[in-house]
Structure formats: C-alpha cells, structure tokens
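Below, chain A partners chain B and then partners chain C, in two separate complexes.
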Partner chain A sequence: MVRTYALLAWTWTRAAMAYRASFVIMTVLGVFITATDVAVILVIFSHTTALAGFTRDEALFLYGSAGLSFTLCDMFVSNVDKVSQHIKAGTLDTMLIRPVSTWIQLAADRFALTRAGRVLQAAAVLGYALAVLDLDARRLWMVPVMLVTGTVIFAAVWTLGGAAQFLLTDAPEVINSFTYGGGQLTQYPLSVYGRDLVRGVTYVLPLAFVNWQPALYVLDRDDPFGTPGFVRFLGPVAAAVLALLAGLAWRQGIRHYRSTGS
Partner chain B sequence: MPPGRRPDHNPGLPLAGPRAGPGTACHRAITLRRCVSYSLYARLARYGFRKHATYVAAALAGAFTNSVFGVLRAYILIALWQARPGLAGYDVTAAVTFCFVTQAFIGPMQLLSGGLTLPERIRTGDIALDLVRPAPLQLWLLAEDLGRAAYQLLVRGLPPMLAGAAVFGITAPRDPARWLGVLACVTAGVVVSFAWRYLVCLSVCWLADDRGVMVCSMLLTTLLSGMMVPLTLFPGALGEVVRALPWAAMAQAPADVYLGIASAGPALAFQAAWGAALLALGALATRAVRHRVVIQGG
Partner chain C sequence: MIETERAGRTFKVRGAVVHAVRDLSFRIEPGEFVGCLGPNGAGKSTTIKMLCGILTPTSGRVRVAGLDPSRGRTALARRIGVVFGQRTTLWWDLPLRDSFELVRLLYKVDRKLFQVRLDELTEALDLGGFTRTPVRQLSLGQRMRGDLAAALLHDPEVLVLDEPTIGLDVVSKAGIRSFLLRVNAERGTTVLLTTHDLGDVERLCRRVLLIDHGRLAFDGTVGDLMATAPGQATIEEVVTRLYTRGRAAPPPVEPV
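Entry: the complex of A and B
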C-alpha cells in the first residue's frame, strides 16, 4: 500500500518537476499562503498580550502543532475530497477497476510535493514555539503523540468528507467547512470559541484532540471549560474511533456508488 | 432583395458577392455597429446571472462554508475586542458585523479565487474567438461578471449575514439612503475586483503557467482586502499603505460604509479611482494581447 502510494506520488512529482521554475515558485508561494495565517495571529497579538487567556507564544504552539498535522494531511490525503469531481468526470470508474485500493489512488492523485513548503512553515512555527516556551521536559513526550493523533484525525475528517461526496456530488464545498474549517478552528486556543462549539468539537467531531486537549497537558494549564483532566489523554482513542468510523463510511460510499456508465 | 444577388440563386448557398449578404464582411460590419449598445451589456449581465444560477447547490454549499468560517473568525475578533474594547474605532458588535459582511463579499468579489475562465481560454487559443466578438473583451467580461456578482450576492452573500444575525446579532443600516450607498459601494467593489482579476488573468499571455500569479493574487487579496482581519488593525504606516491599496476597495471600504464608519462619497471616490486605473491598465493589456495573439497565431 505504502509502496503503491509512493510510486504514484513519485509519478506526479516527476511530472511536476518537468516545469522546474513553476515547481520552485509554487513551493515558495505555499510557504507564504500559510504564513498569512501567522501574519494574522501576529497582527492580533500586536494589539493584546493575551487572547482568551493565552499568550502569543502559546497560541503559536497551538498553531504550529495543529498546522503540522493539517499540512501533512493536506499534502498526503486531502485529494480524497475530489471524489465528486471524479464522479462527474467519470474517472472514478477507472480507479475502481484497478487492482489498488481506491482510497490510495485518490489520495495520491495529483499529489503535489510543492505543498511541502507549507509543512516546513508549520514545522518552523512549532519549532520556534517549543524553543521560546519554557516547557516542562517531562511533558514533552506528548508533542509527538499529539502530532500523530492530529494527523490521524484530519485524515479521518478528509476521508469522511470524501465519503460524504458520494451523496453530496453537486455540493462538494460543504465539506470544506469541516476540513479547512477544522484547520482554521485549531489554529487558535479553543477558549476563544463558545462553549457549545467546543463541546461539539470535543464530543462529536473530536477536533479538540488535534492540539487543544494535549496542549493543555504540555503547557500545564487548566481547561477553561472545566473538562476533566483524564480527557487530555484520550486523543489516541478519539482518533482511532474516528478513523474506524471514517473507514466504514468510506466503504459504504464505495459500495453504494452506482456509475452512470458514461 | 439585396443588390448583386442573382434571381436564380439558391438561398441555402453563400452569396457570390464578397461584401454583401449575411455572413459576409459587410454584413458583419453592420451587426457590429448595431450590437454595441447598452442592451448588449444588459443582456450579457443577465446571462452571467443565469449561467451561475444553474448551480444552486454549489452556491448554497459555498454560502454554508462562508458562514462557518464567519462564525470561527467572529469568535476570534470577539476575543480580541473583549481584551481591547473600542480597538480601531469598532466596538464588539461592529467587529462581528464586519466579519460577516466581509464573509458575504467572498462570493460576489471572488476574494478566494480567480473566477474568470480567461486563462483556460488563452491557453487553448479560444481567446482568438473572444477577441473578434462584437464588443471589447474587457467590457464583455465585465458585464458578465456583474451578472454573476449579483447572483452570488443573493445566494452566497445573504446566508452568512443571516447566520451572523442568528448566532451573534449584527447591525444593519436603518437609513434607506445608506443602503443605496452600500449597494453602490458593493457594485464599485465588484468592478475593482473584476479589473484586478482581469489583469491577473491576462498575465497568462506572457507566462506559461498561471498558477503562480493566481496564488500571488489570492494571497494579496485575502490578506489586504480586510477579509481576514480588519485593515484598521495593521499597525502604523503599514496600515496607512494597506488601506490605500486597491484590495482595500474590495472589502474594507464597502464594509466600513455598511457599518456607517465611513460615508459613501469618499469611499466611492476611492473605489472609482482604483477601478478606473485598473480598467485602463486592463484595456492597455488587452491591446497588447491582440498583437500577441496575432503573433502566436491564436
């Protein structure tokens, strides 16, 4: 599976490399695209020292950790949300008859190595935040755990979005609210948002486990919403459950898909 | 019966005279003069409206996404204004209103995407067809784009405002005269946005790959139009510069008129100045493109 993915991704990368100048420009611009989000955070913190109880560097830690998970998924998985385009173009049928998992083929379709620029930008912000924040070294083990958890959660959200497009063929943009919306939501401390919204992203769509709950542990902070302490360690469980559900939804989508035959 | 037409001529066949009858240079010259009128542009605007009205589900999906992002951004602005009440001359309600008004502009002003099929047409050579149409390419597309914007203002603009009103409560102008001012400013904003996107699209004629310019344009528009944070938050001289750039005419200026912070007159003058400048540049670029298309052979 991994080998097939790597092979497909490498094919797309070689094709993109044919236009070397474009490739370099797109990579650099990718850095700038995500940098606008950091610019907004910096503009906001130029007017205040704390936003909903969190300092600039703590916000950058949250941004960097969620951003790294998000951009990794954006690079490796996000193309599964092109299901509706493939259904309309009739190219999904071709994928279904090939001897490789459809999910792998979709995820690797139009793989863009140029998005690595965004990953590096998010990693740089996380690195900066880890360097300037005076963190307890005994709690740092949570950082890699939360990165993996976050990546799994975002991948699952994207897969759910792809599965939903078997139904929402005419309105694929709805799922952007959850994929890119999730990316936007996790850039800031969740204490910014309303209580009901935070409950929703904790217990229904577990985006709070991408960075918020584990970060509260890493930063050794109390939960402003009073969630019990053990919830901070539930990230991997939430990610596994969501991934399972996403897998089931995806199978349902594929199984019930009926080609128009065109 | 036109002169030069033989009585025994089969009406199904083209006429012998090269400068007479339908489908000939002479006839085309006549239709050309007849078509360039306001009714043509009004019709193009209507078609632009209808073309986009076909995809209702897609527009509503866009409106839903714009509303969700509006809610997320509003919370951030609320947190900022709770920490700094009265920052930049807005109160919390004004900041939240600003957020949803600019979210409503995303569709009509195409703040997140190019929204013109021009690059594709340039690459395939279809642009040659567009250049011989009986109206200038730029005005033709502008008319269509105004029709598209009118549709998207209704379908992608209203839902975020309603969502904002339902979740947080936003303000609305009470005075009908101010509504007129807002409408004028929104229209002017669409013109500026079109003029800018047209220029960006035409650059494809000189660059093989348009993606780079498109992404640059998107970056500038999202950050400098006031869509992500109000431009009044940018510090000092940077803020002054940013508020004088054409992108400010797309979201910040009409939103300030909506909020009643700026009056419609100066805002319209600012937008008109940039609109005229960018449209003029676009007209020059179109002339250059005409020559270029001839050289490449279309």
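Entry: the complex of A and C
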C-alpha cells in the first residue's frame, strides 16, 4: 500500500516539477496562507493574556498539534473526497480496473508536494510551543500518540466524506464543512465553544480527541467541561472506531457505485 | 473464461427501478473472439462493467477467469485487460511512457518481461513516435493505440473492450482490427468487444452476442446472424431488423 502510494505520489511530483516556478510559488503561498492562522492567534493574545483559560503558548500547542495532523492528512489523504468529481468524469471506472486499492489511488491522485509547506509551518509552531512550555516530561509520551490519533481521525473524516459521495454526488460542500471545518475548529481550545458543540465533537464526531483531550493531559489541566480524567486517554479508541466505520462505509460505497451511462 | 448466469443489474432512477440488464446468461470459452452488439442504452456497457468488477450485479452470477469480479476485483485486474473507447485509462497529464511505467509497477510486471512486451507492442501498434507526448496531446487514434498497449502490458488472459473503434478513421480502425486479430491468434487471448461498427463484427468476430433491452436477444456465429434475415440482406439490414423487432423501423434513406 505504502509502495503504491509512493509510486503514484512520485509520478505526480515529477509531473508537477516540470513547472518549477509554479511549484515554488505554490509551496511558499501554502506557508503564508497557513501562517495567517497563527497571526490571528497572536493578534488575539496581543489584547489578552488568556483565551478561555489558556495562555498564548498553550493555545499555540493546541494549534500546532491539530495543525500537524490536519496538514498531513490534507497532503496525503484529502483527495479521497474528490469521489464525486471522479464519478462525474468517469475516471473512477479507470481506477476500479487497476489491481490496487481504489482508496490509495484516489488519495495519491494529483499528489501535491507543495502542501508540505503547510506541514512544516504547523510542525514549526508545535516545536516552538513544546520548547517554551514548561511541560512535565513524564506526560510527553502523549504528544506522538495524539499526533497519530489526530491524523487517523482526520483521515477517517475525509474517507467518510468520500464514501458519502457514492450516494450523494453533490455533497462536497457539506463534506468540506466537516473536514476543513474540523481543521479550523481544533485550532482553538475547545473551551471557547459552546457546551453542545463540544459534546457533539466528543461523543459523535470525535474531533475533541484530535488534540483537545490528550492536550489537557499533556498540559496537566482539568477539562473546563468536567469530563472525567480517563477520557483523556480514549483518543486511540475513538480513532480506531471511527477508522473502522469509515472503512466499512467506503466498502459499501464502492459496492453501490453506479458508474456513468457509457 | 467468461460466464454469466441470469446476471442482472437494476438502477433506481428517481424512485423508479430501471433494469439495465436482466437474466443475462452466456459463456465464452478461452481463445474466443466475441462481439457484443446492441442499440444505445441496451445494457452493453453495464454488462462490460459487471465483467470488470466496476458494477456489482444486483442479481445472478458473473465469473471471469474463475473469479467473482466484484468481490475479487483487484485479483481479477491482474488477469484482464480493459479498454474504454470513450475514455482513456491512461494518466491524462503524463507522457505515454510514464503511464506504461506506472502500469508496470502497479501490475508488478517483471522488468525484463515488461521491456520485451513493450518492444513488441511498440512495434505492433507503431507507438514509437509519441511515447514522450503527454496523453492529453495525443490524437484519438494514437491514444487508442496507447490504451491498447497499456491494457496488454501485463499479458492478460482476457481482453475486454468497450467500443474500441469509436470515432476512429478507416486507417486507424484497420490498424486496431488487425492488431486485435493478431493478439487473439498469437497469444490466445480471449477477446470480448462491444461496438456499433458492423465492420468490426464482420472482420473480427467469430461469434456475436446481441443485447437488447438488457436481455440476450441473439447468440451465435456471424453466419447464424445473417441467416436470421431472408435472402441477400446486408449485415446492416440484418442488424436493423433485429434492433427494431416489435418497433416501427425508421424509414429507409433514399440514396442521393
């Protein structure tokens, strides 16, 4: 699977390199666009010292960890939500006749190395936050766990979004609100949002486990919404369940694929 | 090699159930060259897509090379070659040879075997002049030859073609036809193609399947097909007769 992905990604990268100037501009632009998100956080903290109980560096830790998971998915997986485009163009048929996973082919289709700029930007913010925050070293093991958990959760959300398009070919806009919306939501401490929304992203679509719950553990904080301590460690479980659901939905989608007229 | 048993596929269109294919049963032996005819919308493409595993049948059974296409889709992909005349299976933005290289890697074809195969196909399909050109810049005839080569690089047992000669000029058509005959004769590849071009049927196919309203309306040799009409009817007249059974035939066009 990894080999197939790497092959396809490398082919697209080589094709994109043919236009070197465009490649460089896209990469640099990617860094700048995501940097505006950080700028917003910095502007907020130039007016206040705490946001919903969190300091600037804590907020940057939340931003960086979710951002890294999100941008990795955006780079490696997000194209699976192009299902409806491929259905309409008939190109999904051509993927289905290849001896490799359709999910991998879709994810790697038009792989854009230019998105690496955003990944680096998020990694830099996380690195900065980890350096300046005085964190308990015994709790740091959670950081890689939360990054993997977050990446799996976002990948599953994208996959669910792609699977939904086998039934609803005109759903991409709605699906964006879950994928990119999820990415935006997790950039801030969830305590800035209303209780019902936070309940929803904890128990229904488990975006709270991307960074919020594990970060509370890393930062040694109690949950402002009062969830018990063991919830901090449920991230991998939530990610596994969501990934399983996404996998099943994807299979159902492929089985119910209707193709086009010709 | 290919076997369908009361295979059917329905689609729900705005609440109504449409039978694209129903109760389709036929058997194709290894090495056969079979043409599939039928009016537009008769269910030819749906049938082809069920044979490749793209569409899951809603009833009945389909087996290709001993596999259930929709369950064993990726395993089957290594053993069949598929060509869609109306769209390419190549990578649109990549040069032809990069597409071939990707096919080699995706199908895990041994490098030496691949080179031998590619040289043969390059020669047989006269690809030499445009392997460095991105697929989107190829003419339809060139693209079709490229698609054929890509579908055969992994030396499949079965070749399935959906309208491979659509839109091609007479010379390109002749080239594709003689190539297909050669593949069938020299490698024993089983070939199933759909077409609207009766020249394809006359020059290529030993056997004809005619699908109409999603059902098998005729299955036999080209000779049997001609015998369905009286006297000296041309193949066009024979097929028109079969397509319009139970319907008003279109008025004949007077030659100018």
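One rule holds in what follows: the second predicted complex is superposed on the first by the 260 of 262 C-alpha atoms of A that agree within 3 Å, B and C clash if a C-alpha of one lies under 4 Å from a C-alpha of the other, contacts with A are read in each partner's own complex, and residues count from 1 in each chain.
By our rule, contacts are C-beta pairs under 8 Å (C-beta built on N, C-alpha and C of every residue); 3 or more make two chains touch, one makes a residue touch a chain.
From a predicted model like this one, the values you see are computed outputs, not experimental measurements.
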item: Clash-or-fit label for the pair chain B, chain C on chain A; value: fit
item: First (chain B), second (chain C), both or neither touched by A:Thr36; value: first
item: Superposition-derived comparison: chain B or chain C, residues of chain A touched; value: B
item: First, second, both or neither for A:Leu96, with chain B first and chain C second; value: second
item: Which superposed partner A:Arg258 touches (first chain B, second chain C, both, neither); value: second
item: First (chain B), second (chain C), both or neither touched by A:His47; value: first
item: Apex chain A: angle to the C-alpha centres of chain B and chain C, given in degrees as a multiple of 10; value: 80
item: First (chain B), second (chain C), both or neither touched by A:Tyr19; value: first
item: Chain B versus chain C as contact partner of A:Val132, first or second or both or neither; value: neither
item: Which of chain B and chain C A:Leu167 touches, first, second, both or neither; value: neither
item: Smallest separation in angstrom, by C-alpha atoms, between chain B and chain C in the superposition; value: 13
item: Sites on chain C touched by chain A in the complex; value: 11, 41, 45-46, 49, 52-56, 70, 73-75, 77-78, 80, 82, 84, 86-89, 91, 93-94, 98, 102, 105-108, 162
item: Footprint of chain A on chain B - complex, ascending; value: 55, 57-58, 60-62, 64-65, 68-69, 71-73, 75-76, 78-80, 82-84, 87, 208-209, 211-212, 215-216, 218-219, 222-223, 228-229, 233-235
item: Complex contact set, residues of chain A against chain B; value: 19, 22, 25-26, 29, 32-33, 36, 39-40, 43-44, 46-48, 50-52, 168, 170-174, 176-177, 180-181, 184-185, 188, 192-194, 197
item: In the complex, chain A residues that touch chain C; value: 4, 7-8, 11, 14-15, 90-91, 93-94, 96-101, 255-259, 261-262
